[in-house]
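Presented below is the structure to which this report refers.
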Amino acid sequence: MDFQHSTIAEGYVKRMTQFVRERILPVEEAILSEKKEYGADWKNWPLDERLEALKQQAKAEGLWNLFLPEISGLSHTDYAVLAEITGLSLLAPEIFNCNAPDTGNMELLWKYGSEAQKQQWLEPLLEGRIRSAFCMTEPEVASSDPTNLRATIVQDGDHVVLNGRKWWSTGLGHPNCKLLIFMGLSNPTAHKYLQHSMVLVDVATPGVHIERMLPVFGAYDAPYGHGQVMFDQVRVPVANVIGGLGRGFEIAQGRLGPGRVHHCMRLVGAAERALELLIQRGKSRNAFGKPLLQLNGNRDLVAQARMDIEMIRLLVLKTAWLLDTVGIMGALSEVSQIKVACPTVAARIIDQAIQMHGGEGLSDNTPLAAMYAYARILRLADGPDEVHRGVVASRELKKYE
Amino acid sequence: MDFQHSTIAEGYVKRMTQFVRERILPVEEAILSEKKEYGADWKNWPLDERLEALKQQAKAEGLWNLFLPEISGLSHTDYAVLAEITGLSLLAPEIFNCNAPDTGNMELLWKYGSEAQKQQWLEPLLEGRIRSAFCMTEPEVASSDPTNLRATIVQDGDHVVLNGRKWWSTGLGHPNCKLLIFMGLSNPTAHKYLQHSMVLVDVATPGVHIERMLPVFGAYDAPYGHGQVMFDQVRVPVANVIGGLGRGFEIAQGRLGPGRVHHCMRLVGAAERALELLIQRGKSRNAFGKPLLQLNGNRDLVAQARMDIEMIRLLVLKTAWLLDTVGIMGALSEVSQIKVACPTVAARIIDQAIQMHGGEGLSDNTPLAAMYAYARILRLADGPDEVHRGVVASRELKKYE
Amino acid sequence: MDFQHSTIAEGYVKRMTQFVRERILPVEEAILSEKKEYGADWKNWPLDERLEALKQQAKAEGLWNLFLPEISGLSHTDYAVLAEITGLSLLAPEIFNCNAPDTGNMELLWKYGSEAQKQQWLEPLLEGRIRSAFCMTEPEVASSDPTNLRATIVQDGDHVVLNGRKWWSTGLGHPNCKLLIFMGLSNPTAHKYLQHSMVLVDVATPGVHIERMLPVFGAYDAPYGHGQVMFDQVRVPVANVIGGLGRGFEIAQGRLGPGRVHHCMRLVGAAERALELLIQRGKSRNAFGKPLLQLNGNRDLVAQARMDIEMIRLLVLKTAWLLDTVGIMGALSEVSQIKVACPTVAARIIDQAIQMHGGEGLSDNTPLAAMYAYARILRLADGPDEVHRGVVASRELKKYE
Amino acid sequence: MDFQHSTIAEGYVKRMTQFVRERILPVEEAILSEKKEYGADWKNWPLDERLEALKQQAKAEGLWNLFLPEISGLSHTDYAVLAEITGLSLLAPEIFNCNAPDTGNMELLWKYGSEAQKQQWLEPLLEGRIRSAFCMTEPEVASSDPTNLRATIVQDGDHVVLNGRKWWSTGLGHPNCKLLIFMGLSNPTAHKYLQHSMVLVDVATPGVHIERMLPVFGAYDAPYGHGQVMFDQVRVPVANVIGGLGRGFEIAQGRLGPGRVHHCMRLVGAAERALELLIQRGKSRNAFGKPLLQLNGNRDLVAQARMDIEMIRLLVLKTAWLLDTVGIMGALSEVSQIKVACPTVAARIIDQAIQMHGGEGLSDNTPLAAMYAYARILRLADGPDEVHRGVVASRELKKYE
């Protein structure tokens, strides 16, 4: 178990940390202070020029696409520590072209895409010129059990016709979102893990109706958004199917391992940031004649947060190391373990930081409320806690058979 | 300890339950399904005609102002069970003219207001023609320790001049909000509990600048809103001071006991509603071949929720009974106990109901996300958990002196 | 919901509180300080003369058999508050002739016993001359599901023959234990709730082999003990069957409702005592220049303990009130609720009191370690938490059918 | 962060695992089944010949004294994984001559002992011929703040005279316990961390009165015992002082880092064993027609236990790695982190395993009750949770100065 990242990664660690702390956090503070509102009217969500400028800087400085091992040459263990740094601010991942779901979509195109698919979609994604969404979850069924998915893909000559409603398609509200990856039932009579396919869909294709962005506790996670979208007799060429009909589950599985490591390390970063804010507030605000940190069990909160952050970080690093050394099939339990442990711990620490800020912590004065929503949604997205606990239990019990 | 409500109250219980379930919940469902947005632009928040109509019905049917013992003839124990019913929907309290902070403000005017003050402000409030806000919390200081409050009230002849910034003034965004009750430092050299005063301020007074509504996790709790407001050299007649200069703390104290019982019983109602939604979802949605309720420890969640709801309800009823029998000074520990216990339990059960709904639970498809914000904010509003635990501990330790 | 105990009960409250605090607690302290050991060698467990003397006093003063409504004239609500007082010391229940399982056994004989049975067994039990045990749980099967019980009762003319091993028969080690109530399978082909019977067995009957007392975390709960006992071809007259063959479940059910209320109220008393000890220690012991209570979040522990004790007490009182007003069939959920909530809360508070005492808390210098064992065992005895949560969930879900 | 143990350690892992599982666990089972009692009468605690034989085997096979880097050549990281294996059974540590407090005492003698001290005491300890105790904690003061210690060491010519009562001296009841290390106040006017000294005392020295063994929840942890011992004018040569007068704290500090890693890794092993027993019981015992593991949220318990064990193990390994790479002064926070996290997690999992076993789990039929006591006592021994949380918080807050 060697979790030490490489010296190359160490260079990135220093540069990204500096980039986030010196360039992104000040912009974050400026943006929060402007109290601009991004409500349900997603079609009018503007791009922020400051962020666009930071993206160009990151790209120019080579802090770009580091998530993709084939480009960056970094191992999962290496990238994990970088993902943590991007978790310090919700603005950071996009700036480094490392935000979900684009990362997973790019990885998927890299691995399973045809040359034509790569040329048309992967290149502009890697350049950050366009963005993408992943359309899997459906409102009508418990998508935690993906064999429930009902949206359909029917071949009609050299086209496929897509039908069905999808939601929680993150990134769909972004002004630059051009590509949708649609997952649906194409081979209903095959084995249950061979029934689904993934299809590339240009967002401008007739029949694609974006119905709305979904709020999380009332906030829209702009400019990304979590979209609800109807596919109504959407026709695209068969050549848009990824890897061939019936391979949807296989491709989804490969996509989720590294993606969960990324999410979880970002949560570690978010938890670190929350602890930082908690301590700064606790030191600077006084009540009853003392700094808040000296009251009640607040120092114990700090201690418990430190312990728990250390533990979830180590667990994610171990998982990344397993992906590097034995691959996803040897890390199924660990991937599910981190998917349960990290959002729970991060949400609790963020919530405690909110409490330390008083009402301000719930408002948009600090990044905490949005961070809480991020941590909370990850108890559901990419599989709810319940499903992941089930995976961990079932891997454990297998040892006794 | 006789928590049984009176037979008069029992009549109200039946009628209010029916009113909420048959008339309010269907409107709530309709409103949620319309996905209308109430963003930061609070000046354009419309009144909903359906709710206005329901208010008229409630008024006509005598389900109106029941919170005020002097009008309704109900004890605190009696009203507590009604407050629980109003907690089933976030729309209900206003419809019965029983929502915070108007309830507290009316009570305060009833008890401490001069005849002129009553005529000008209490009557229209009781009729539901206007609404009000309570301006106490300040951004710059830890208002959990109210001796920190810095906003000033300076007498200038037969006027007082008010200065200072306030926030978390709930209800300030409502189109009908006309009255502000301002708390500030008027007698800075007096004993620390005799330094503050409360002043009635018409929202249209020059110098009152409403700066914005504060979001909670990004949502604005429209059409009420939590306002941030600047008082800049606001001049009002000395006659607008409530009960005389220096009585601010005394009045605030009397206001908070019943108000906390109301909040807490509404949370009991919210927890009941969340459990109901959790069970309905858990019975009707299937995954892995079974209703969700049959999976994992979900039945245990139901059992634990039932126990915890029973326990917090009983604790609030005991507190109400103490208010009825020995008054607020004999119920200080209990009032603080419920203020800690109820939001914690309600927030947990609502969160579990969200989890059972999957992503939908976080969206605006159900009342759960807004209920969560209500429960969460009550861990801070009217005194944070930390302060109330301190009260309970200090009352307990007094027994050993 | 009127939980107020009667004025008669109020008289007992005063006298019993005084009795416990002035006479029992000093003896408890003396006994603890003597460090006498009661190990596995149960046959040599002596009676303590001081306790015998206190029993005589309690009997003489009418503080005797108050658990039995038919004798004491007290309601369940009345007795509940007395049971709490007996929970302040593990020595108290026997002194008032109110300890399990004798209470349940006496109640059972009172309700279902024949005249001859009453004369032979109930009278000496009521006089405190003999003691008894209840032999239900079996080592070989999950007795949480009582339909699993395998010990057999076979009729042979005017006798029944009993076979099977029982354990966790509390009280079996007491020098005065004379009566065993044996539950076994008598009618294996009947409906599953009509297959079992209860039989009265003199402990001296041939074939009754007491194998040992079972330790709980290494302690023997002397002089009561939790016995393991083999019934090997034990012959007793058919007249020893209680209420007729096949009525075992029916009788067991009636026995458990009040018994659980007693256990739970004793736990409330134990939690109160633990909180008292926690506070006294926290005030008197110093570290780092301050009393322990002023360190860390220790005051928050006190506050949380106070809240939780209030809540479990109210829940038990409500359950007692339901037993009084609607009977056991209307209180099934509540009886199970308290059976889960009380041991959990009491065990946590006792554990915190132990922590406040440092290593001493784990030793036999204070009553805390033994109290912890009592609370812990009640998460299993009379049905494990899991079964009771199941009852609560299933009663809750019935509302939705 | 390279936690991988060496290939030499890997060889020990295999051999020790096999030794524990094939030779120690069967003896453990046999001993448990014999129900021999080791009560308060510690002077008659016998040695078990089977264990003595296993010790000889372990010694002969080189599985001996592996805790001491200077002998074994193992790093802390290497030994940590071995300590986990010794945690699988409470009998194992002594068999490998690796149990507390002898390990710490030997280490201390190795580092600070004079040649004469080493020859007299270290050699027989390393050979397992004698055993030792560490006499630090005092009944009269909160020893969590070691500056409170009051026992005295007064120089009198070429002797020192020791006075004071100590308790929780683990191992003092062992028939072979010969050496006591006494910590006391020798230089009361020096700086507060230079006031104490450690002195070697033969248990047979006049004035050493072993008063009793202290039970933990009623059990004596035989044949080790936790002793209470009076030092009454005990005279020993000055040459028995370790490292010179006034160095007590310095020596204690160095002693505790590795010792805590050992305790914590043993707890990881204990947690693994408890999970194993939980699963085996849950699979083999049926209720309501199903194996217990299929009921309620029992599979979730398994999943949570697996996650938590992984996390505490990684945290201990990181701490060991820090000890190896930067030494104790760079690992102060981590040493305190594991000291809080490991006993808490282990105690919870052991408690859940007890619950899965029903009443049997609390008895002496399984190793669980004794393991629970071990985990529970470690929330107090070597510094209570509260003190360690304080260390973690204070190291964290230092970053902000």
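Letters A, B, C and D mark the chains in the order given here, with residues in each chain numbered from 1 onward.
Here is the rule we use: a contact is a pair of C-beta atoms (placed from the backbone, for glycine too) under 8 Å apart; a residue touches a chain by one contact, two chains touch by 3 or more.
No experiment lies behind these values; they were computed from the predicted model shown.
K.L.:
Stepping chain to touching chain, what's the minimum from chain A to chain D?
P.N.:
The fewest steps needed to get from chain A to chain D is 1.
K.L.:
Could you pull out the chain whose C-alpha mean position is farthest off from that of chain A?
P.N.:
Here the answer is chain C, farthest from chain A.
K.L.:
Rounded to the nearest whole Å, what is the centre-to-centre distance of chain A and chain B, using the mean of the C-alpha atoms as each centre?
P.N.:
That pair's centroid distance is 36 Å.
K.L.:
So the centre of each chain is just the mean of its C-alpha atoms; given that, what is the distance between chain B and chain D in Å?
P.N.:
So the centre of chain B lies 53 Å away from the centre of chain D.
K.L.:
Could you work out how far the Cα centre of chain B sits from that of chain C, in whole Å?
P.N.:
44
K.L.:
Mark out which residues of chain A touch at least two other chains, giving numbers and ranges.
P.N.:
296, 299-300, 389-390
K.L.:
Using the touch definition from the top, list the residues of chain A that touch chain C in their complex.
P.N.:
296-297, 299-300
K.L.:
Using the touch rule from the top, collect the residues of chain A that touch chain B in their complex.
P.N.:
35, 37, 39-41, 137, 139, 142-145, 148, 167-168, 212, 214-220, 226, 285-288, 292, 295-296, 355, 358-364, 369-370, 372-373, 376-377, 379-381, 384-386, 389-390
K.L.:
Applying the document's contact rule, which stretches of chain C touch chain B when the two form their complex?
P.N.:
Its residues touching chain B are 1-4, 275, 279-280, 283, 293, 299-300, 302-304, 306-307, 310-312, 314-315, 317-318, 333-334, 337, 340-341, 388-394, 396-397, 400.
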